[in-house]
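Working notes, beginning with the structure itself.
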C-alpha cells in the first residue's frame, strides 16, 4: 500500500451562520467568522489516495489524472466562488472547514474509485494555523 | 540605515469591478475576480520601516509598537471583513492588491513617522503566486 | 470522525543534559545541544483533536476555544522562556522534543476532553528538519 | 510510542519510461515526465521512525544518528545524481515517487533497526503539490 | 510606481560545465553540479514588473496577462526540460542560476513592455537556500 | 550586475537588556524579550552579494565558497550558542536583530571582497513575522 497526495488551491468567500439564528446569536457562536458581509480564504486542499503500485507504470494512479479529478469536481466549483451561495455540495451545510472536508470526500470518492484507487484522506487548510482532516 | 519588517495577516472577501460597467464587461476585464458573489484570500501584509539603530535599545523601533500600529490601523479594519463594503480606506477604489498596497501605505505613514521611523515598503501577498509592493 | 489541527508557536531556550553527568559526557551524548550557555528555537506546536461534527455548529470544537486552551496551558508557560528552568511541566525531564511532545499531551488532554473532544496528536517542530509526534 | 521525523533534501534528474515502449507510448502514459533528455526536482525526503523514549537520553534515537544514516544511505547516492542511471537501489524500476519511497524504505530499514528503533514512514515530496508516503 | 510580482515554477535538468574542459577540470570548478549524467531542480521564478496603477482597472498590468507571458515565453520552454540541451535561450551559456536570470530577463523584457509596463526584476530560486536576482 | 543570495540557519539563545538597568526597566523596554533566563530562535540568515557574471564560470561567486564563508565566519560562532555570552562580534551590543544584521555585515564584508564580489545585503529573520535587513 502506497499513498499519493495532491495539493490544489482555491480562493473563496464564506461565512459561518445558521439562518434561523439572529445576527447576535451567530456572532456569539461563530465570532468574526459570521460577518454577514462575508470574508474569505486561500484554501489549500490535500487529497491522499492509496493503492498498490502498478508494475507497468510505477504509479498508484497517474497524478495528472488525480489533478484533473480534483480540478473538475472541486476547484471549478469553489475557486473564486462564494461557498455558501454557489457551491452545490455545500448547500444546506454550515461552511466550516470540517463540513468542507467531509463534503469534498463525498464528491471525490466515486471518481477516485473509478480509477481503481482508494480515497484515504481529505485535508483542508483554511489558514497557516488551522486545518481539518477527514478519513471517511 | 537599517530596515525592519513585520508580517501580519488578514482574511477578507473582495471582488474587482466597476459599478458603471455591466457584469459582462467586468467579467471580460477582471475575469473570475469580478464574481458578484465575492471570493476571498488570506492576505499577508509585510510592512518595512527604516531608520537608525537607537544606541539605547538596539532597535529602529520596538517591533511590538510596529505590530500594534499595523493591527490597530489595518488588521482590525480588514480581518474577516469585506474589503469593498467595509474597509473605510478602500471606499471608491477598485479592490486590487495594487490599490490595497498604496492605501495601506497612506494609512500607516503618519503613525510610523510619529514613532520617529520612516515607512519604506508595503507588500501585499494575495496568494502564494501573486504579490505587490509600494515604496511611496 | 473528523480531525482538527491548530498550530501555535513559541520561542524558547533550552539545553539537553543530565545533571549527574560531566560536561564532557553530556557533550558526547548530546553534542552541541548540551551547550551549558543554552541555545534556542522557534518551536511550532501542532495540536490535533478528533470528534464528531456538531450538527448545530458544523464544528468538532470551536477552533478559537482550542487556541485559547493551547495558549493558556502551553504558550504562556513556554514562549520567551527557558524550558529547563521555567516550564513547570518539564521539570525533572530532559528537554528533548520527544519529552516536550509527551508532556504537552499530558497538559492538554484534560482540557480537550472537558470540551467534549479527544486529543489525537501533539506534534513539535524544533527546526524545519526535525519534528516529533505523540499519539498517547 | 513516540515518532521522530528527519527531513533531508536531494536534487536529482530523472525520467519515467519503459525501455520496451516507444517514445510515443511513453509520452502517452507518462506525459512530459518521460522527456528523453531528462528533467529534475528538488526532492524532499521525510523519514519517520518510532520507538520508546530512552529514560537516559530523552531520545527515541539521537536525531544526528538518524541524519547520518539518511545521508550515508540515501543522500550520497541521490543528490546531484541521475536517478535512472546512477542510483543503485532504483535500477530496473520506473523512477516514480512511489517506487522511490518504497526503495528508500528498504534501504533504510535495517540501519534504523540496528539502532533499536522502528521505521514508520518514508515520505517523498517531488514538488510542492505532489508527494507519496510508504509505511511498509 | 507600484511593483507586481508573479511566481511560476519549472522542474528541469541541467549540469554546469565547459565543453572544452576535461571532466576533472569541470568537477574541480563546478563540483557535483557538473555531473555528466545531469541533476535537476524545482526552479521558482519570480518576475517583478513596475508601473503606474491604471485608474480604470486598479492594475499595473492584469496579472493573468503577466502569467500568460511567463508561461508562454519561459515555462513552456523550461518545464520538464533539459536546460543545457533543450532551452533555446540558454544555448552556448553555462546553465547557472545567474545566467538563467539574465537570459529570462532578456526573453521577457519586450513582452512586458508591449503591455505598457516595465520589467523590474527576475529572481530564480534554485533551492530553498540559493537564489539569484537580475535588475537589468 | 547580478545578485546571489545564500540562506544559512542558526539556532541560538539570547536576551535583550542593558546591564545598567534594573530588571523592571528592562522588562518595560524589552518586554518578554528581556527574560533573564534567556529565550531563543531559529534564525534564518540571508546573505546577498553582487557582481559581474564571470564569462568563464557563469558565476558571480561559486555559491559553495559563499556558503563556506558564512559557515566559517558566522554559523560556527552562532549555532547552538548564546548570542549574549558567546558570540565574539556581539559583545557589548544589545542582542537585537538589527544589531545582529549590522555586525554580521561587518564580519562578512572583508571575506566577500577577498573573493572579488561585493556584499549587498544581510537579512536576519528572527521569526516568520519579524526580520531586519542591512545594506551597509
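We just call them A, B, C, D, E and F in the order they show up, numbering each chain from 1.
Criterion: a contact is a pair of C-beta atoms (placed from the backbone, for glycine too) under 8 Å apart; a residue touches a chain by one contact, two chains touch by 3 or more.
Given the structure is predicted, the values throughout are model-derived calculations rather than measurements.
K.L.:
Most remote chain relative to subunit B, going by C-alpha centroids?
P.N.:
Farthest chain from subunit B, going by C-alpha centroids: D.
K.L.:
Once subunit C is fitted to subunit F on CA atoms, what angle does the rotation have, in steps of 5 degrees?
P.N.:
To map subunit C onto subunit F, rotate by about 180 degrees.
K.L.:
What pair in B-F, C-F or A-B shares over half of its contact pairs, by residue number, with B-E?
P.N.:
B-F
K.L.:
Centroid from C-alpha atoms only, then distance subunit D to subunit E, rounded to Å. What do you get?
P.N.:
28
K.L.:
Between subunit C and subunit E, what is the separation of their C-alpha centroids in Å?
P.N.:
41
K.L.:
By the touch rule stated above, which residues of subunit E touch at least two different other chains?
P.N.:
128
K.L.:
Looking at the complex, which residues from subunit B come into contact with subunit E?
P.N.:
Of all residues in subunit B, those touching subunit E are 16, 18, 29-31, 93-99, 101-102, 128-135.
K.L.:
For a test of understanding, state which residues of subunit A touch subunit D in their complex under the given definition.
P.N.:
It comes out as residues 1-8, 48, 53, 56-60, 62-64.
K.L.:
So in the complex, the part of subunit E that touches subunit D is made up of which residues?
P.N.:
Spelled out, the residues of subunit E in touch with subunit D are 9, 11-14, 32-33, 35, 37-42, 79-82, 85-86, 127-128.
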